[in-house]
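Following this line, the structures themselves.
Next, two complexes with chain A in common: one pairs it with chain B, the other with chain C.
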Partner chain A sequence: MGALRAMVAIIAREALRFFMQRSRFIAALVRPLVWLIVFAAGFRAALGLSITAPYQTYITYEIYIVPGLCGMIQLFNGMQSSLSLVYDREMGSMRLLLTSPQPRWWLLLSKLLAGTLISIMQVYAFLLIAYFIGIDFPALGYVAVLPALIISGLMLGALGLLLSSTIRQLENFAGVMNFVIFPMFFLSTALYPLWKMAEASTLLRDICAFNPFTHAVELIRFALYLEWNPWALTWVMLAFAMFLAGSILGYDPGKALIMRKAR
Partner chain B sequence: MLKSALASLLLTGATLSHAFAGEIWVSNEKDDTISVIDEATLEVVRTIEVGERPRGITFANDHSVLFLCASDSDSVQVIDPETGKVLHDLPSGEDPEQFILHPDGKRLYIANEDDAITTVVDVESRSVIAQIDVGIEPEGMAVSQDGKYVITTSETTNMAHWIDTASEQIVANTLVDQRPRHAEFTPDGKELWVSAEIGGTITVFDVESKAEIAKIPFEIQGVHRDRVQPVGFEMTTDGKFVFVALGPSNHVAVVDMKTKKVIDNVLVGRRVWHMAFNADESLLFTTNGLSGDVTVIDAATQKPIKTIKVGRFPWGAAYRPTN
Partner chain C sequence: MSAQQASPFGIDIRGLTHRYGAKTALDEVSFSIRRGSFCALLGPNGAGKSTLFALMTRLFVANQGHIKIGGVDLAEQPRRALARMGVVFQQPTLDLDLTVQQNMHYYAALQGISRKRATTRIAETLKRLDMDERASEKVRALNGGHRRRMEIARALLHEPQVLLLDEPTVGLDTRTRQAITQHVHDLVQDTGLTVLWATHLTDEVRADDQLVVLHEGRVVADGVCAVIRGKETLNDAFARLTGQSKARNA
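Then we have the complex of A and B:
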């Protein structure tokens, strides 16, 4: 009972923070929209040459890029909540959270769920705008994508959590941008399908195929077309388990103490 | 996930359930074959070897036999659709490209591209009834619903030639834009539409006065004007829509038949050429020459739903009911 109350409280706090920061919501929407409207415009005729699953026919680039941009929203959101954790730690509210009698992993999971729910709201807002621009998916796809978004959101949130356990200062977030967000986004199937990457180099393709973000994007892409992609699901779940285990270890007070001593 | 799998099953079921069962026959210009697509599964179920460079393709009015222009074999082949065997050839003249079967089911009007003539063949007695001199490189063929007129368009002369089927004589010539490819009469029989590949337009004529009444331009955002080349087109029998293949622009335009305005453009495969409807006109099958496939368009939503690999350079398509 107390555990559930703690979870609700954490989610409510995160949601409140989100709704208070209207500019954050707008920023979260503007980023993918700029990609969709400006970047995709230059590539209108670039695709449509080869048909890969889950597509059954030729598509324009705008349609291809949308699932990748949904992933991008969740990726940024995952990193942003890790940033807020660093902030909480600096400001001291983290200490308050960690004094809760609930187990630490439960608190972290609650934090993860809160971040995921917010990212899903952003994704649906983005899909709604995309719909009005004329990029639509099968009606049931909007429902089927929800479980995919939950799993991918948790995975990317767990990655952020893992990173936040190692970052001591806010200023280091720029490094996260450079070394995590950009490589993860660009070395994935968000912008180009694997066969297009293979045309450049097979190494590039292999890196993309290894990148868990690729599988998050493919999971979302397949779900939007009501298709089932067990391979991507396995990868995303595996990555989620690893990142979560890593962050629970990272936030372990005993271990953190050891780390501090070592320094 | 089970729920989504179920939903996908329902969705596929909904798009594929039709009152009719049938096949789409596609002539593959480079492979010398016909690919037969099952309307229910949207998959190629048969590939039939035919004469060289098959292009124009049409069924007899009762669908008992298939007529096929085997251009480089200089013949029109008559094929049994059940067995896929060539029954016999018709005397077609040289290099037959496209033809039209008269509503009487007897007379086949064939455009002989190299000889600048239209050959009229009696499919029952297998003899040539008449040869009519037309413009240079005839290609597009159309027949009015009442059977009174047959149209031949000539690629180089840029004309639509009106042939009176009673006398087998040309009674009028009307100029169209550069390189006409295809012609069709509207279902009400009042208008004749002619596409011009280089001109990039469709010209609409009033059948009664044979005067031009409209010209429809096409454009695709992001595609150079020169690549927007209207070729084959099909009209819905309810008189509402015309679907126009725009060649190397890889799009099919949807035109409102009444207002003659382009409503939408549908992305299909590369160099889309001709097309055919199924029986209830719910699905449209386009032949995409360069990408060697057929795109299936849902006529109601005007969205592409699937692209099916066929042979090399698919050219024409024709529908055959199987029940």
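Then we have the complex of A and C:
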């Protein structure tokens, strides 16, 4: 009972903070919208996309990159909410959280769920705007995408949490942008399908196929068209399990990986 | 259970040693604080205060030694020990964009207090701080002194036996500093709380407080403040104990 109460409070705090910081919400929306409107418009002519699953007909580039941009929102959000924990500004709150008498793994999981919920709200706001500029999906796709977003959000949040507990060099957001967000985003199927990557280089293709973010994007893409993608689901779940286990280990008081943060 | 209740100490630390790689941050630190007393932990920067606080709040576990909170061993029963402890960190931990009440409720829920009980406790607490009219204001609107008082009050919502404060007056003006020091001393007097107050400011320690001086990871003095300083001022005694007078004269 106490554990559940703590989880609800952690999620409610994150949600309240999110609504209070309107600038963060707007920034989170502007980023993918700029990509969608500016980038996609430019690439539309340059890139011919053939029909690949789950698409059954030729599609415009705008439609292709929407799932990738949903993934991008979650990627940014996962890194931001987890890494804000190690910035000085939030370090106190994290330490306060860890003095709660609930089990630590439970507190970390609650924190992840809270971040995921925020990212899902951002994704739906983005999909709504996309709808108004004429990019829409099957009506039921908007429902089917929810479980996909939960899993991908958890996976990306867990990655952020893992990084926050282990990698010292990533204590500023610029480092995270350069070494995590950009590689993950560009080396994925968010912007180009795998076969397009293969035209450039097979190594690039293999890296993309290995990147868990690719599978998060594909999971979202397929779900939006009410299609089932067990392979992507397995990959994302596996990555989530690994990242979560890693971050629980990273925050284990006995393992002392977070020790240096106190100095 | 009875043995735990019988323990005369609110905080009992035995043989605590901790190293970061080759550097020893704490070396065989032992001291205890009687229930219902105020103990000042004085030490220059880098003496090991932060490490000690990190270990006491279980951010990580010491290489060696034991910490008991209200008779409960932190390593053996971490959750029970944590439940007996309230902490005020050096870094502010309030959400500035949330209201006073929302901040309080968040903490109460983290401690597992029911919504109903939390509401009552929070109302009482705010009334005692004369802040009941500001309950729905954002914390951003409060001044530094009020924020700190609120953090202290929040740390007591779950009625812990022990309160840890890590340099709680950092960044406050002299008058507010005195008021907060007074406030926590009153709490000890009135409620029988055990307090560990870390600081590097000698004027926050009173003659009849217990004083533990930490220097380079070791306890160099432990006793009643008046006895430790003798005829010197506490400033001089502190400088002597931590070898700073030499540095100053050189």
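One rule holds in what follows: the second predicted complex is superposed on the first by the 242 of 263 C-alpha atoms of A that agree within 3 Å, B and C clash if a C-alpha of one lies under 4 Å from a C-alpha of the other, contacts with A are read in each partner's own complex, and residues count from 1 in each chain.
In the analysis below, contacts are C-beta pairs under 8 Å (C-beta built on N, C-alpha and C of every residue); 3 or more make two chains touch, one makes a residue touch a chain.
The shown structure was predicted, so the numbers you read here are calculated from the model rather than taken from an experiment.
Measured by the number of chain A residues touched, the leading partner among chain B and chain C is C.
After overlaying the two complexes on the shared chain, residue contacts for A:99 are found with chain C alone; chain B is out of touch.
With both structures placed on the common chain, the touch criterion links A:138 to chain B but leaves chain C unconnected.
Contacts of A:250 after superposition: neither chain B nor chain C is touched. After overlaying the two complexes on the shared chain, residue contacts for A:227 are found with chain B alone; chain C is out of touch. Shared-chain residue A:147: touches chain B; no touch with chain C.
In the overlay built on the shared chain, the residue A:59 is in contact with chain B alone; chain C does not reach it. In the superposition on the C-alpha atoms of chain A, no part of chain A is touched by chain B in one complex and by chain C in the other.
Contact residues of chain B toward chain A in the complex are 1, 3-5, 7-8, 11, 221-223, 250, 267-270, 291, 295-296, 304-307.
Put simply, chain C touches chain A in their complex at residues 20, 50-51, 53-54, 57-61, 78-80, 82-83, 85, 87, 89-93, 95, 97-98, 102, 105-107, 109-115.
Of all residues in chain A, only 44-45, 48-49, 51, 56-60, 138, 140, 143-144, 147, 223, 226-228, 233 touch chain B in the complex they form.
Chain A meets chain C in the complex at residues 1-3, 5-6, 8-10, 12-13, 16-17, 20-21, 88, 91-93, 95-103, 253-254, 256, 258-263.
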